[in-house]
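Heads up, the next two complexes both have subunit A, just with different partners, subunit B and then subunit C.
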Partner chain A sequence: MLRFCARRIAIGFVIVVLAIATIYVLVQAAPGDPIALMLGPRATPEMIAALEARLGLDQPLPVQVLKFLIGVFQGDLGVDIKTKRLVVDEVLEQLPYTLYLIFASLLLAAGLGIPLGCFSALHRNSLVDRLVGILSVSVIAVPPLIIAIYGMILFAVHLRWLPAIGLGDRGDLLDQIHHLILPAIAVGIGWVGYLARLVRAAMLEVLNEDYILNARAFGLPERWIIFRYALRIAVAPTITVLGIGVGYMLGSAVFAEIVFARPGIGKMMYDAVSVRNYPVTMGVVLASTILLVASTTLSDIINAMIDPRIREAQE
Partner chain B sequence: MKANPVKLLQSAARQVFGALFAAFLASAFVAAPAAGETLRVYVPSDPASIDPAFWGTSVDGYLMFNVLPRLATPAPGNEWNLELDVAESVDLSDPTKIHFTLKKGLQWANGYGELTAEDVKYSYERHLDESVGSYIASEFDALDHVEVTGTHSGIIHLKYPAVPMWQSTLGWFGGTIISKKEALENGGKLPVQPKATMGAYTFAEFSPGERMVLKADPNWHGPKPYFDEIVLIPIADANAAEVAFAAGELDFLTSTATGPAQLRDQHGDNAKVDVLTSVDYTWLGLNAQHPSLADKRVRKAIQMAVDVDTILAATFEDMGVERATGFAAPGMVGYRPASKVKHDIGAAQALIQEAGAEGNTIELGYANFGSRSTQAQIIQANLAAIGLNVELNAMDEATFWDVTAVKTPDRQLTLKGWYGNPEAMYGLQYFTEAEFEGWNWEGFDDPRYTELMNAAWEVADDKKRGDMYIEMQDIMEDSGSFLFVDNAPAVVMYKSDIVPGLLPDGKPMFYAFKKK
Partner chain C sequence: MSDPAIHTQAGGPSAKSLIPEGLRHLLADPMGLFGLVLVLSLVFLSLFANVLAPYDPAKIDVPSKFLPPSWDHLLGTDELGRDMFSRALYGGRVALKVALISTLVALAIGTILGFLAAYGPKWLDNAIVLILDTVRAYPTIIFALAVGPMFGAGIWTVVGILIATSVPYYGRIVRTAALTVMQSEYIDAERAMGASGLRITCVHVLPNIIGPMLIIASMDIPVIITAEAGLSFLGVGIKPPETSWGLMLDQGYRFIGRTPWMVISAGIPVIIATLGFTFLGEALRDAFDPKIRRGR
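Coming up: the complex of A and B.
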């Protein structure tokens, strides 16, 4: 198992380095000049050249990429060209807010999606199963942005049950949870439906396996069969999907942070890309790449722990 | 006894979900905090830097006007007026020497000492220091040096007469004075949240992406502001800000996504919506240096063919926005009461035929945000009516403004807007041959214009200088290289029990806000 984990982490590391180098080149290759935006119409050619030199943008691209990678390993992501603050400080300041949001969305997705899928499978073709099926497809189909806007209008404007914007009071956990509910629903509700469909299909397949029929023949309690044997196997693809889902949720977090006026790396990325703030863009991309690779690696490891066949196949 | 893992799991899950459900129920009924004497303001972004050498966003501007001083500063109201801020007196009678005396005993916040003429000297001269790398160095091109004649007095020496500089730079963001002591402590720059403030408010808290809190500064030399606390809340999407306003979580919106009539309908008596005219300007530039537009008849035909009124109606609907007449907005020195260009398709068609330009293809470049695309499509349709094919080239802002990638000779039609200033010279000064490689994308060069511009720098009399600006803008328009479109309106919305203190273009001066 240790060798399996080490191999997955090593692959993850290589992916991060390759992804970062590729994205650095893409970001630099995009048309648009941050210097012109920063200095505005009053910039002289000398001012432009001086700022380019200060930011290292006058050097060949391979040198810039190498310097950036060396900087990453030294914990130096450069300086925000607008605020003049260290990018690493800014990213570490904002990252937790995005992680809270993704964690809350994952909790919602898994906490509702898995039991609903399980329930549907155990009550196949019942009215509840059909209802869950319709609702699942509906929430998958509706864009998260629509859910966010209408959620705000309903719960914040008309009913005034939930706040529309912000993080909530510092030091008041209850208030912060209160502020997290709408954004988490906007980001995670589609995944509830997706996971419900996935778990239902996986459970139906597993429940027809010979070893489940055997267990039933031996008279094991139904609850024991479902939780101990069936769900454990059926949930494996769900864990893989959730690992990848973190990446999609990062994408959704961008709009959720914008609409709900929450800090986070999604909003940071949006602001940085629009003004070609290269150091911040790369800092956020690095953080999100690491997050995505970490979540997929973790889901692989959890799957290997749950299902020895995966571990054996890799080894 | 061995624990049953399934039961343990189920029990834990029940406890977790039970706790979360309880938290949800409890939190859903927590009352919203009372607003009290706090003003909650929507701003489109976080501040980037309120250092006058490096400011970049509208929010930076709001903050500079509310937490840092100038010798004189714009006064809230419907007209552009400068009022003395930390200066007790200013003598503008000599066109190359500005004598100033500071009010005595003004203290920087957080123990940074008294404001002295040394702070003024440092604040202005640093823009000329290449090691600082001020983004607005060119605004101080006329500055020679500041002579300190006493603790509270000094003389600003100019290299050449530059009368407009008093309003355009020293009485605007560029003239913001900072604490020399704090800047030197930070390597010559102000931090994002400086401690040494001097204004009605000072910084209390900054949480990037979430909020910035200003507290009334008890040491301020002016009258105590009504609101003890200003909370600036950055929201990237103006629609979301409107929803938050409707939810009662904001008191003042510095801009809106929805038109004023619709906002008034939606909010009824709960909100007031004002439409103000900004000092920014949008115009269609026609590059006289490009072969496709070198013939003045083609440029004049385009001027006449473009239906500016339709563009305004499509862009601003019910706001009653009038077409811009130049780089001076209504109320500014040099405002032209009317444009001389009349929309006339027949005359435009005749000119195009005379010039033999029928069927020609021209590129129209613009930064694709807000309603620019709509405006560009109307221009495309208007020019199709006179036989010109227009290829639209929509770019994101960073690409559009990239002067290093596209040089002036390669630009054709450009639809663009610049941030303005209450002094028209701020924008007018760029339309010379020297700016062909920079910001004169119209390739405009006129000897009479340049003569007037050079002379206007020395004219202190507003009426005389204004007449010169009017003639300069006449020349611009007559060249066929400029079609002035709009001075973008500023729409602000606020709760009906608030009386805002705004500059004529809608910039908030928080110390002047009150409640009914």
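Coming up: the complex of A and C.
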């Protein structure tokens, strides 16, 4: 198990390094010249040369990539071109807001999706089961951006049940949670559908297993069989799905943060891109890549802990 | 979304006999039929946008700006008085074009890489898997925001980004599927009879994989449509004067304080497209995958 963990973490590390280096090269090698874009059309050649020297862009590309990676390992992501602050500080300042949002969405997905899937499986082909089935597919299909905008128009502007924009009062936890509801629904509702379907299918499969029949034959209470045996197995695949889901949620968070005017790395990325503040964009790419790779690696490890067959297959 | 397992089965019913049977199942499934109707009307409306659009999508008519939906303007008008319905029809062309091209090209590249990984030497397999996993490490939208502006907004930037982010997905599935087929007994038998690797690939492995892959690709279309709308909304996708649903959403969102109708109208075609393709894809999978059908 230790060997498996070490291997997964090492691969994850290599992937993050490669991903960052690739993005750096892509951004530098792309036809649009970031320096010219940053300084605008009135830049003199001297200004361009000065900024290039300051950012280390006058050196050959492999040297730049290496310097950038060494900087990353030392916690140095460069300086924000607009605010002149350290990018590391800014990213670490904004990251928690995005993490709250993703955590709330995960909670919504698991808290609603698992019981719905379980209920559907136990009442197979009932009206509720069919309804949950259709709704699940629908919420998976509709883009989070649309859910965010429609949700805001309906619940914040029209019905005035929920606040439209912002984080809520600092220090007032309830108000902050209140502000988190709509964005979390926008990011997480599709995953409610995913989990409901996943748990339903897994549950139906498990309930047909011999050992469940056996438990029934022994006269164990149905409630005990479902919650102690079946659900435990049926919930396992949701861990993988949520591990991958974090990556998609990071993308959806960009839209939720823009629509609901919330701080976070998605909003930060959007603002940085529109003014070509590329040290900041590199910082956000790094943070989100680490987050995605860490969550998939973690879900792999948890799965391997639950199911030794996965562990053996990869060793 | 984890890699869905592909059902690759030897000696099962041949593809030919499956098609009418699968079609029957598709038409018998109300949600599938609903999806099919939505998709067909969407394709029809977009394809004949130049004939069907009641107004010129670029015609500015300032006095009738910000109109809510009515019989004259089914989806209302925008801030310049342009007819939103006509614009949505032309936006559909862009959405379908992007979806079709990105999906097919990504599928082709993914299939080639998947096969190379499955049949190539161990180092090539490792290298391809590492590259695919590296590209998968970026959240699509973040990747697009980082790279998109450098290549300039436009339809080909969107297509390029969507191909780059979809290839790893297909590549991984094809690799796994090819490895599974290669391990089956009938391939062993084929090899024992002296068939070449190329023959095995083209005659046995590819036909076994291509059907399920097309179904997976069809289920990926709503994801691509969503991404295109999202990228255009963020300003790294389609640029005016071209029309796109994401662009309309962006405009509508800007004027949300003035009228909610613009952004609501702009969302409708996206909802129809994503729901239609999702329902259709689900039904296709159920109808043509005998393993799932038997389980019902």
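Heads up, the rule we're going with is that the second predicted complex is superposed on the first by the 304 of 315 C-alpha atoms of A that agree within 3 Å, B and C clash if a C-alpha of one lies under 4 Å from a C-alpha of the other, contacts with A are read in each partner's own complex, and residues count from 1 in each chain.
Here, contacts are C-beta pairs under 8 Å (C-beta built on N, C-alpha and C of every residue); 3 or more make two chains touch, one makes a residue touch a chain.
This structure is a prediction, so every number in the text was calculated from the model and none was measured.
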Problem set entry | Three-chain arrangement built on subunit A, subunit B and subunit C clash or fit | clash
For this session: Quick one: classify A:Ala261 as touching subunit B (first), subunit C (second), both or neither.
Result: first
Exercise. When the two structures are overlaid on chain A, which partner does A:Ser126 contact: first (subunit B), second (subunit C), both, or neither?
Worked result: neither
For this session: Could you say whether A:Val27 touches subunit B, subunit C, both of them, or neither, answering first, second, both or neither?
Result: second
Exercise. For A:Ser138, is the partner it touches subunit B (first), subunit C (second), both, or none of the two (neither)?
Worked result: second
Exercise. Of the partners subunit B and subunit C, which touch A:Ser288 in the superposed model: first, second, both, neither?
Worked result: second
For this session: Tell me which partner A:Leu167 touches in the superposition: subunit B (first), subunit C (second), both or neither.
Result: first
Exercise. First (subunit B), second (subunit C), both or neither: which does A:Asp175 touch?
Worked result: first
For this session: Mind working out whether A:Leu250 is in touch with subunit B, subunit C, both or neither, as first, second, both or neither?
Result: second
For this session: Considering only touches as defined above, state whether A:Met269 meets subunit B (first), subunit C (second), both or neither.
Result: second
Problem set entry | 237-245, 291-299 or 489-497: stretch of subunit B that collides with subunit C | 237-245
Problem set entry | Doubly contacted residues of subunit A, that is, touched by subunit B and again by subunit C | 31-32, 34, 37, 149, 153, 157, 258-259, 270, 274, 276
Seminar exercise, completed: Per the touch rule, the subunit A residues reaching subunit C in their complex are 11, 14-16, 18-19, 22-23, 26-27, 30-32, 34, 37, 134, 137-138, 140-143, 145-146, 149-150, 153, 157-158, 194, 237, 240-241, 244, 247-248, 250-252, 254-255, 258-259, 266, 269-270, 273-274, 276, 281-282, 284-285, 288-289, 292-293
For this session: Could you pull out which subunit C residues touch subunit A in their complex?
Result: 1-2, 31, 130, 133-135, 137-143, 145-152, 222, 226, 229-230, 233-236, 249, 252-253, 256, 260, 263-264, 267, 270-271, 274-275, 277-279, 282
For this session: Write out the stretch or stretches of subunit B touching subunit A in their complex.
Result: 6, 9-10, 17, 20, 23-24, 26-30, 32-33, 45-46, 48-49, 54, 56, 130, 133, 135-139, 189, 192, 207-211, 233-237, 239-241, 243-244, 246-250, 395-399, 401-405, 418-419, 430, 437-439
Exercise. Of all residues in subunit A, which touch subunit B in the complex?
Worked result: 31-45, 47-48, 50-51, 54, 82-85, 90, 93-94, 97, 107, 111, 149, 152-153, 156-157, 160-167, 169, 174-175, 177-178, 181, 223-224, 227-228, 257-264, 267-268, 270-271, 274-276
